[in-house]
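After this come two complexes, each holding subunit A, first together with subunit B and then together with subunit C.
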Partner chain A sequence: MAHYLIKRLGAALMTALLASLLVFLLVRAVPGDIVAQMLGQAGDDAAAERALRRFFGLDQPVWQQYLSWLGAVLQGDLGTSWTRGTPVTDMVLKAFGVTLQLGLFTLAFATLLGVPLGMLAGIYEGRWPDTLVQAFNLLALSAPVFWVGLMTLIGASLLFFWSPPLVYRPFAAAPTQNLQIMLLPVLSLGLLQAAAYSQFVRQAVVSALHQDYVRTAIAKGLRTRVVFFKHILRNILIPLVTFMGLILIQILGGVVIIESLFSLPGLGRLLLTAIQTRDFPVVQGGLLLIVGVAMAINLLVDVLYHVIDPRTRAS
Partner chain B sequence: MGKGRRNAALGMAAGWVVAWLAWAPASAYGPPVDGAPLGGNLTIGSLVEPPALDPFHQAADARIAVSLLMYQGLMYEDPSGAAQPLLATGYEVSDDGLTYIFTVREGVTFHTGAAMTAADVKYSYDYIRNPDNGSPGARDFNAIDAIETPDATTVVFRLNRPNAALPMTLTNKYGAVVPAGYFDDDAARNRMNVESVGTGPFKLVSFQPNSLLGLARFEDYWEDGAPYLDEVTFLFMPNAASLLVALRNQRIDLAVLGRPQDSEQLAGVPGLEITRFPSLNHKTLDLDANHPVLSDVRVRQAISLAIDKDELMRAAIGDYGTTIGTIVAGMQDAWGLPLDQVPFQGPDIAAAKALLAEAGYADGVDLELATIIGYDWMDPAGATLAQQLSEVGITLGINKVELGVWISNFRSRQMGFTFNDWGTSPDPHLLFYRHYHKQPSGADFRNWNNDDASALLAQGQATADFAERQRIYKAFQEIFATSVPTVMLFSPDWVVVTTERVKNYVQHPTGWYFGLIRAYVE
Partner chain C sequence: MTDMCADREAAGTPCSRWARRFGRSLRRHPEMAFGFAIIAVLLAMVAVPGAFTARSPIAIDVAKGLQPPSAEHWFGTDDIGRDIYARLVYGARVTLGTVAGALALSALFGGLCGLIAGYFGRWTDLVGGRLVDVVLSFPPIILGVVITGILGTGVGNLMLALSLVYLPVFYRIARSGAIAEAACTYVEAARALGYGEARILFGHVLRNVVPLVLVQYMILFPLALQIQAALGFLGLGVPPPTPDWGAVLEQGKNYLMFAPWISLFPGLFILVSALGVILVGRAVQRMIDTA
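What follows is the complex of A and B.
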């Protein structure tokens, strides 16, 4: 296990390094930079432009900019935001806190709703509960997230004369306000993921039901409950955990729209603004964090395999 | 200090023909309200967020809109078009127009607690006019040769050429008065996002990315009794739908709508008031004179003739604006060429077709229009323009461009054929010179390079007499409309939605939030 972990960590580090280079070059490949942004339509003075370029170190060759950035990153310093002047580490971690809360809440909601629905549909394959669940899945999967979000927002306002508070406060500081803010985004994002979940679980249950070991279990007279929880659920756990990891990554990567719709100061919105203002250190820091988190989740999922399924330990 | 002593101190031999300009104190920002209740807070919803709060290095309009609550210049851009004293109490001009003597207001305190003196004024304007300091506004101040401070309340601006727009330049768009030496520390400009160091009625409390900007009343503010509000909070909202919902549920008290027609969704909602104000913003169509097709003036004239501005405006913003000829709506009365005298105004399809045929495009021509992502009005306006131009044989493709890329193209003078959206301080020099005077003293983004127009713009800058200035700028506008570097389309109204508790908020025509300084809540 230790050997396996070291191997995986080494590969992860290489990936991170490659990602850092890619991220660094990508943001610079986009036309326009912070200097153009700051001077806008107003200033076209060459001296002013030179002065600002020097201030941000943009007058250095790109490889030199990369090396000095990488050097700082390796010492745990993501640099300073070019627009705000605050440390990038603080900005991205604070924003990531919001996104992570949204992601975990959504995952919990989607799991609690999607897994039972999927199992129900799988067990009653072809009968009316299955049809009902499938209809829900189809609807939720085909409705775009921004539309669902918009509808919940407008619906809550018109039906209940209520709209979420506009200033995000962390759960620890103001739990009620935090939950009020999180309600609609988690609902909008969670419905889609619950549908994806339930579709997946249904498929797994249906195919498990046709497996020999299930037929044997039923034939030898085990109670239905035992068959489901001990045999079927245990066997679909592996794909389920993989799926959970994928969904969490997907949620974290795709929250920009929801964060924008519901005024959440999360990582997606921070990145979007930073890209628009060409605040390179923030873009680089934020993307690096996302790469790191995605790799951590993948690693965690792999480790969980080992725990859940003894067969993978031998190989 | 008496005038005689002042002149002696400056060694001035020439007579001073321009009378001392005595202004009633506290006239900037509009009349104070007797008996306005003090205290309370006001929450503003805004779709745009300032990237930073630094008035010296950040050109973004969203920055200007809010930084003027914390930072002040010597003068105030009165909507009437005359600059009014703000941190100055008045000024006089030498008869050759090359020397301006400002008297600095006494009893003004910075947010840092220090008292403001003439030395701070000199430092601040010396800093911004030096291009090596990287300010987008530097070019506006390049008529200044030297700034002197003969005593603690007098600042003398010596110019290298007369500049009638100097008082309007010393307002609140670029730069402000900050404590002398503030920028000596390289990190100082970033600190402006953490604490304010200006003299304005509000000071910075909190500025959180993608969330809010919190300001609080500055207790030692120099104007007696102002401002009335204790706190002002800007909430940055990423989309119009959330903004409208927040207004409906009164989670915010005030919003200036980016899409004025959105106000129709709020009409009749109890507790909300909707008001329209005139604007100094305008939506334009820019034509790069280096473009292979647009370099022919006949093509540019044909495009101007093919456009039905009324139809275009209705498609873009409904009836919430005014179509314009050669100047923003808010300056038409004082400075504009009368609309019935503006040449090459459409729609006149036959004349446009004739000009195109003359230019060799009788069989039609393809053009590509750039629109900016996030500028909502450009999408419907682009579709309408394509339809209008097709009637004269121009096939229009539309290319949606991200703002950063667009600015980069614009600044490198490769704008091609594009919609544009900008505003101005209410002075024709500040509106026209930078954009349309040929290089190097102007920026001439459209590669217009027009000698006659540039000569008039230089004259306009040098002329102090109002009637003479009017004549000069009208002559400029005639050349402008004939040669068509830009088709000016329309000025949208500012549509302001407030809850009933908000009183006396008057929207400044620039779109900036000066109105909060005289607003109060009940």
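What follows is the complex of A and C.
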């Protein structure tokens, strides 16, 4: 187990390092950095340009910029925002709090809705509950998430004469307002993921129902409920954990759109604004955090997999 | 299709078998026909948009701005009086074209690299695997946002971003296919006959890996469509005034309460297209699985 963990961690670190290099080069690969943007308003001034480049550290060769950035990152310092002058670490972590809340709420909603739906469809394979659930899955998987978000906004105002508060407040400061503003984003992001869940669980239940051990359990007269919860559910648990990791990463990506649609000050919106203003340190920091979280999720899933299923430990 | 094959039925040619299987599959899954119908209409829209509407997708008529759906403007008009229906019909070419093109590029390059890495192994596999891991460590939409956000809007950049996002998926599929094929006896036999490695790879292994890549293409299409539309929605897609479904949707965001039809219909177009591709993709997969 320890050996496996070390190997897995080593590979993840290597990938993280390469990803950070990619991120770094990506933001620098394009014409039009922040100096050009600032000078665009002031006109041509070679001296000012040189001074600004030195100020932002852009006068050094790229590899040197990378190494000094990497060195600081390893000490937990993501640099200073070029447009706001505040430490990037603080900005990114504060925004991540919002994204994390949105992500976890969405995951909970999707799990609570998607898993029972999938089970229902799996048990009633080929009959009308199955058809209904599958139709829901198809529609939810085809609908663009931001469109669903817009439609929930229209629906809430037309049907319930309600619209969410306009300004985001953290949960600790104003719980009701926070939950109100989270409701529609979680709903629109969660419906899609619930469909993905339910489709996956349905498939797992259907294939489990055709397994010998289930046939034996039914043949020896066990009650359906026992067969279902003791035999089938346990075996589905393993692929379900893997799938949960996938869903979490999907959500992590999906928040970019949902956050900008509902004006939530999360990581996605921070990243989008930073890209538009060419605020490199914030782009790098934000991306690094997102990639880091995605990797951590993958790693966690792999480790959990080993804990749940002892057979995988042998190989 | 059945007529064409009728005279060869007795001989049991592959063609007739496919036709029979197709018929049976259609009877068992009638929703499949719906999927094929959607795809047919969309293809027609891409080929001859003029047949669907006489209006121009970019003609501005400010006096008729924000009109609700009517006999004259089926899906209403946007803030500067452009016909939403015409914009969506002409947008099919832009939206579906970029997705199809980007995925084709992705399948070609990712598939080729995966094929080589899987067949030859060793350092090619090692290098490819690392690079793919790096790209895969970004959530897909994030990578799309970063690339288009940094490189700027435009069809070329959009396609580049989309194809890069899905490159690793095609790579992995082709790689695992090539690994499985490389272990087959026919490869050994070809080698024993003195065939060159390149000839074995492109003459024999390739044609067994292509179906895997094609199925993957159909699976990824609806996902890529969502990302394409999302980028358009974030203003990172095709620059105006080119009609693009995601861009039209974004435009309606500001008039949501007075003119919901601007956003409603492009979303429906995306939904129905994705639905059609998913249904057809499933049908194709079922036919390959039972083959």
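Simple rule for what comes next: the second predicted complex is superposed on the first by the 312 of 315 C-alpha atoms of A that agree within 3 Å, B and C clash if a C-alpha of one lies under 4 Å from a C-alpha of the other, contacts with A are read in each partner's own complex, and residues count from 1 in each chain.
In the analysis below, a residue touches a chain if its C-beta (ideal position, glycine included) is under 8 Å from a C-beta of that chain, and two chains touch if they have at least 3 such contacts.
Please read these numbers as outputs of a predicted model, since none were measured by experiment.
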Joint occupancy of subunit A by subunit B and subunit C, clash or fit: clash
First (subunit B), second (subunit C), both or neither touched by A:Arg269: first
Partner chain(s) touched by A:Leu58 [first = subunit B, second = subunit C, both, neither]: neither
First, second, both or neither for A:Ala174, with subunit B first and subunit C second: neither
Partner chain in contact with A:Trp162 - subunit B first, subunit C second, else both or neither: first
Touched partner set for A:Gly85, first subunit B, second subunit C, both or neither: first
Partner chain(s) touched by A:Thr277 [first = subunit B, second = subunit C, both, neither]: first
First, second, both or neither for A:Ala36, with subunit B first and subunit C second: first
Contacts of A:Ala72 with subunit B and subunit C, given as first, second, both or neither: neither
Which superposed partner A:Ala47 touches (first subunit B, second subunit C, both, neither): first
Segment of subunit C that clashes with subunit B, given the candidates 1-9, 217-225 or 235-243: 235-243
Subunit B and subunit C contact sites that coincide on subunit A, given as residue numbers: 30, 150, 153-154, 157, 260-261, 276
Footprint of subunit A on subunit B - complex, ascending: 45, 49, 51-52, 57-60, 131-139, 174, 186-187, 189-191, 193-194, 207-212, 235-239, 241-242, 245-246, 248-249, 251-252, 402-405, 407-411, 422, 434, 443, 445
Footprint of subunit A on subunit C - complex, ascending: 130-131, 133-134, 137-142, 145-147, 149-152, 222, 226, 229-230, 233-234, 246, 249, 252-253, 256-257, 260, 263-264, 266-267, 270-275, 278-279
Residues of subunit A that touch subunit B when the two form their complex: 30-33, 36-52, 55, 80, 83-86, 91, 95, 150, 153-154, 157, 161-163, 165-168, 259-263, 265-266, 269-270, 273, 276-279
Touching residues (chain side subunit A, partner subunit C) in the complex: 11, 14-16, 18-19, 22, 26-27, 29-30, 138-139, 141-148, 150-151, 153-154, 157, 249-250, 252-254, 256-257, 260-261, 268, 271-272, 275-276, 283, 287, 290-291, 294-295
